[in-house]
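Each of the two complexes below includes chain A, the first together with chain B, the second together with chain C.
Presenting the complex of A and B:
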C-alpha cells in the first residue's frame, strides 16, 4: 500500500530500491506476527465461552464475546475468585518483600565490590557471579531439607529467602556497574567536608544510584513474580500458593477450562507487562549493563 | 584455619611469614569493608554453600525414599555409574544438546536480524521493540500454557491453520509425538527469549562508530561489505556474552518442558534438568539424582569459567588494587 501511494506522489525514482531495507521490514513483520499472534490468540480465547473455544474448526473471531471468565476470576464471592485473588495477593506480597530485602542487601555489597579493595574481594565476587550459573533444580532437594529443618516449608519465608539468593548475584552485578560509573571524587569531596565514609555513601552515592536501584528492583520483582520451581516444591498448602503454581490447580481439576486458563494467564501477565512498559528504559539498560562497554 | 596454615609455613622462609602478616594486617585494616558484604555473604552461604556440600555428600549414598537421611547407606561411586550407564541418560543428553544449541542459535539469529532492522530510526520503533520484548518479560508458565493451547491436538489453532492452508490433511499432534515434541518446545523457547538477544545486540550496535560507516560508504563499500567489515567486528564482544548467557539459560531451562509435556511422551522431551527433577521428586531416588546433579555441576563449572571471564572483561584493569 505504502509503496503505491509513495510512487504515485513522486513518480520520479531518484534512488534504486534499497533491498536491504525492504528485507528488514519483511523480517520485522514476520517477527511481529510470530510474537503477537500467540498473545492475541490467548486474549481471543479468554473472551470465549468454554463451548465456543472447543470447536473445530475454531471460531477465528469470537462470535459471542464475553467477559465472564474475567468476572469469575475477580469475583470475591465465587470459589475460583477467592482462590485467584488469594494467589494474586500471595505473589504480590512475596515479590514485594523479596525486592525490598534484595535492595537492602545488594546495595552495600555492590558498593563495597565497586569501591573497596579488601582481601578476598575477587574470590567473593566470582562466587556471587557463579551462583547465577546453577539451575534451581539442583538446589531444590537440599534446600527443601534445609527449609524443613528450619520449619519454613509451606511458608512464604522459604520463597523469599531463596528468591533473595538467586536475585542477589544479578542485583549486585548491575549495581556495581552503576557505582563504577559514579566518580569517586564526589565522595572524596564530601569526606574533605567532614562527612564519614558511611555518610558519603548514604548522602552522595545513594541518590545518584537511584536509576540502578530502580532497574535492579524491576528485575527482582519480575523474577520473583514469575518464579515457579521453588514455589511448586516448597508450597503444598492451597492458601500459600503463588500465581504460577496456583492457576494450574483450579483450571485442570476436571477437564482443562482453556478460556478460564487463558484469562488467568492474561491477568497474571498484566502486572509485569505494565511494570516493564512503564520502566522500559531502566529495564533495557539493566539487561545490557556490563555486557556492552560504551 | 589461619593457625594451622601458620604452623605449616613456619619452618619455611621468613618471607612467607612476613607475607602472611601482611595479609592479616590488610584484612584487619579493611575490617569495616566486610560489613558491607556480610549480609549478602550470609544469605549466599546458607542457601548456596550448604546445598552444594549436601548434594555432593548425598551422591555417594543410597538414600531411603522418605528423606529420613539418617538411614542412608554408603555406596561409593555406584550412583555415578548408574547415571552414566543408563540408556535414558544418553538419550536425554542428546536431547539436552539439541535443545541448548538449537534454541541458542535461532534465538541469536532472530535477535541479530531484529537488532539490525531496528537500528535505523523510524516511527514506531520504540513500540515495536517493546512489543517484541513482551514474551521475554512474561512468566514461562504463562508462555507454556498459551503454547500448549496453540498446539492442542483437537482444538489447537496451529493445527487448524495448517489444515485451512492445505499444508496437512488433519491437525498435527505436536506434543504427543516423539518426532515433533522437542522441536515444538524449542519454538516456544525461541519465542520467549529471542528478544533478549535483540536488546543486547541493539546496545552493541550503538557502539559502532557512525564515522566508520560513512567512511566505508565514501570508499564505495556496499551494504553487505559494511556489515561484514565494520559492524561484525564491533559486535564480536557483545555477541560472545549474549551467546554464552543464552547457552546457560537454555541449559538450565525447566519450566517449558516441565509444564508443557513433563518430559514425555516416553522421555522424548526430557532435558537434564527435568530428568533430575523427575528422578528426585518423582521417583525419590535422591542419591542417584544427586550424582546426576554433581555431573551437571561439573559441566556448569566449565561454562562458568568462560562466563565469568566474559563478564569481568575489563573489570580487572579498572580494579587496579
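Presenting the complex of A and C:
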C-alpha cells in the first residue's frame, strides 16, 4: 500500500474570517495606544533636556537621554528636590493614614453588615452606596465649611477625613461580599472549638479575607494618592501640599520645566503601578469573588 | 461524658416559633437523633444546645450545669457540621490541633492527641494536606477527628452525612455508629433522613413545626406513632393513611368509606379505639407489610384499584387507591398485577393504627 502523506490528502479548509474578533482586536489596540502613548511620552520627555523637550518639530526619541531631572528632584539639597520630597512624603503620609484608618473602620463595618441583623441595616447599607452616586465636587463646599467649622482647614486631617468618606463605601461594599462568602459555620466551629466570637473573627475569618483587605487597601491608597480637588481647596500652605497639587507648581514657579514635570509625574505614578502589579491577583479575586457565588 | 437535659426550650423570632416548648433528656452515652422535615426546628434545637444562638426561654443543662448563658466554648461540646466547616487555610493537622490550642495545651500533648485521633480515623497520611485537597469522605473524617480530639462531654452533629454520595453515606453511617459504640459518647445527631435516625439512634426525637412530636426508641416510634405526622414520617415507604367515618350499628362498630360506601368491620379492641374519636371520623393507618392483596372479594377486605406497580428486586410495591387515598402494599416479586386492576385489600386488625380524625392523635381504647 502506498504511503500517502497526511497533509497531501487533507483538503484545505479555510476558516472564514471572524470579523468580530478582528474588530475587537482593533478596538483593544486603539485602547492600548490611548493609554500607553501618553505614558510613553511622559517617560521619554522626562529623560530629555529642557532644550530637547521644547524643540519643534518634536524630537520623538531623546537624542541625549539624561537622568538629570530625576537627580534634581531627588536631591535634598536643591530647592526643587526639597519641595518634591516634601510633597511626596505628604502624599504618602496622607494616603497611608487614610488606608490604615479605612481598613480599621471598614473591616468591622463590613463584617457587621454581613453577619448581624439589626434595625436599619438595609437602609444604612443602601445609604453607604448612594454616597457613590454623587460626584466628589458636589461635596466640596459643604465639606470645606465643615472643615473650617472644625478648625481642620490647612491640616492633613481634613484630607484624611474626606478621603475616608469617599473610600469607605466601596471598601465596605467589597469586604461585605468577602464576608458573605465565608460560611458562618467556620466561625461557629471556631467558637465551639474554644474561641470567643472575637477570636473566631481574628483567627479564622480575618486570614480568609486577607485578599479583600489588600484590595480595599489598594483602592483607598490610590484614591488618596491621586486626589487633587480637595487637596487644592483645603490646603494653602506650601509645606503641606500633596504631590498632585505640588506638581502643578512646576508650571508656574519654574516657567514650565516640562522634563522636570514629567519626571515628577512619572515618580508619582511609580508607587501606584508597583502596588497594583504586586497585588493585582488579590485585586482581581476581590472584585470577582464578591460578585459571583461559587 | 454527660447527659443533656432540655426543659421547655423556646426559640422565637417575633411570632414565629422555631422551637416551641421542647423538653427531652439525652442520657449519658446515648445516641439521640433529632429528625423531621426541613424547617421543623431540629437544627435550631441543636444550635441552642451548642449555644450558637440565644434561647428565648427554658433551660438547657449539660452534665450537672445549666448552660443557658454560657458561651459555646465553655459548654464542653464538639460539633460536626453539614459542610464540615474545616478551616480552609489550615492543614489537617492544624485543624485538629485548633481546639487544643484554644485550650492552651502544651505542644507535645497537642501533637500526641492529634496523632491519636488521626490514627483512630485513619487519616494520618493526610495530616499535611489542606482541606480542599481531600475527598468528601476524608473531609468528613477530619471533621469527626476535630470533634473527638478534645474528648468533649457531648457530640453534636448537624446532618454530617448529607453532603456525601449514597455509597459513602452508608459506609460513614456505620463508622459513626461504631465510633459512638467505642467511645460510649453522648451524641445528639440532626438529620432529615428518618432512615439514618432509625438505623443509628438509641432514641429519636421527631419534630414538626417547632414542636417535639414523639421522643422514644426507633422501634417504639415505628410501632406506636403518636400521631399521623410521625406515622407518615417514619418508615419507608411511609405508612398509608386513609380518612374514614366511624359507623356503629348496635354493638358492632365498623369504618365506612365516605366516598365509596363500603364498610370495614373492626375487632373489639379497634372498635373501642374508634369510638373514642372526637368527631366520629378516624384516620386508618397501615404499613405496607401488614396488608394483603386479593384478586377477589373476601370477607373483611375492602375494594381498591391499582395505581402503579414498582418492582425493586427483593420486593414489589403496589400503590392502590382505596377510598381516595394512596395505599402502599408490599408484594412478593412473583406476583404479577397491572395498573387499573381491581383488587381487594385485607387489613391486619392487630397491626392497624387508628388516629383521631380531628386531632390526628393516636386513639387509645377507652
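The rule is simple: the second predicted complex is superposed on the first by the 248 of 294 C-alpha atoms of A that agree within 3 Å, B and C clash if a C-alpha of one lies under 4 Å from a C-alpha of the other, contacts with A are read in each partner's own complex, and residues count from 1 in each chain.
Here is the rule we go by: a contact is a pair of C-beta atoms (placed from the backbone, for glycine too) under 8 Å apart; a residue touches a chain by one contact, two chains touch by 3 or more.
Note that the structure is predicted; figures quoted are calculated from it, not measured.
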Chain C versus chain B on the shared chain A, clash or fit after superposition: fit
Partner chain in contact with A:193 - chain B first, chain C second, else both or neither: second
Contacts of A:145 with chain B and chain C, given as first, second, both or neither: first
In the superposition, chain B vs chain C on chain A residues touched: B
C-alpha centroid angle, chain C to chain B via chain A, nearest 10°: 80
Touched partner set for A:244, first chain B, second chain C, both or neither: first
Which of chain B and chain C A:180 touches, first, second, both or neither: first
Chain B versus chain C as contact partner of A:77, first or second or both or neither: neither
Per-pair minimum CA distance [chain C against chain B, superposed on A] in Å: 7
Chain B/chain C common contact set on chain A: none
Chain B residues within the chain A interface of the complex: 23, 26-27, 30, 32-37, 39-41, 43-44, 46-48, 50-51, 54-55, 58, 67, 69, 110, 113-114, 116-118, 120, 128, 130-135, 137-142, 145-147, 149-150, 152, 154-155, 157, 160, 163-164, 171, 191, 194-196, 199-200, 203-204, 206-207, 223, 237-238, 241-242, 245, 248, 251-252, 254-255, 259, 273-274, 276-277, 280-281, 286, 289-290, 293, 296-297, 300-301, 303-304, 307-308, 311-312, 314, 318-321
Chain A residues touching chain C - in the complex, by the definition given at the top: 183, 185-186, 188-196, 199, 204, 207-208
Residue ranges of chain A in contact with chain B within the complex: 20-21, 24-25, 27-28, 31-32, 34-36, 38-39, 41-42, 45, 53-58, 104-106, 108-109, 111-113, 116-120, 122, 124-143, 145-146, 161-162, 164-165, 168, 172-173, 180, 197, 222, 225-226, 228-229, 233, 244, 247-248, 258, 261-262, 265, 268-269, 272-273, 276-277, 280, 283-284, 287-288, 290-294
Residue ranges of chain C in contact with chain A within the complex: 47, 50, 52, 71-73, 75, 77-79, 81-83, 85, 87-89, 98-99, 102-103, 146, 150, 156
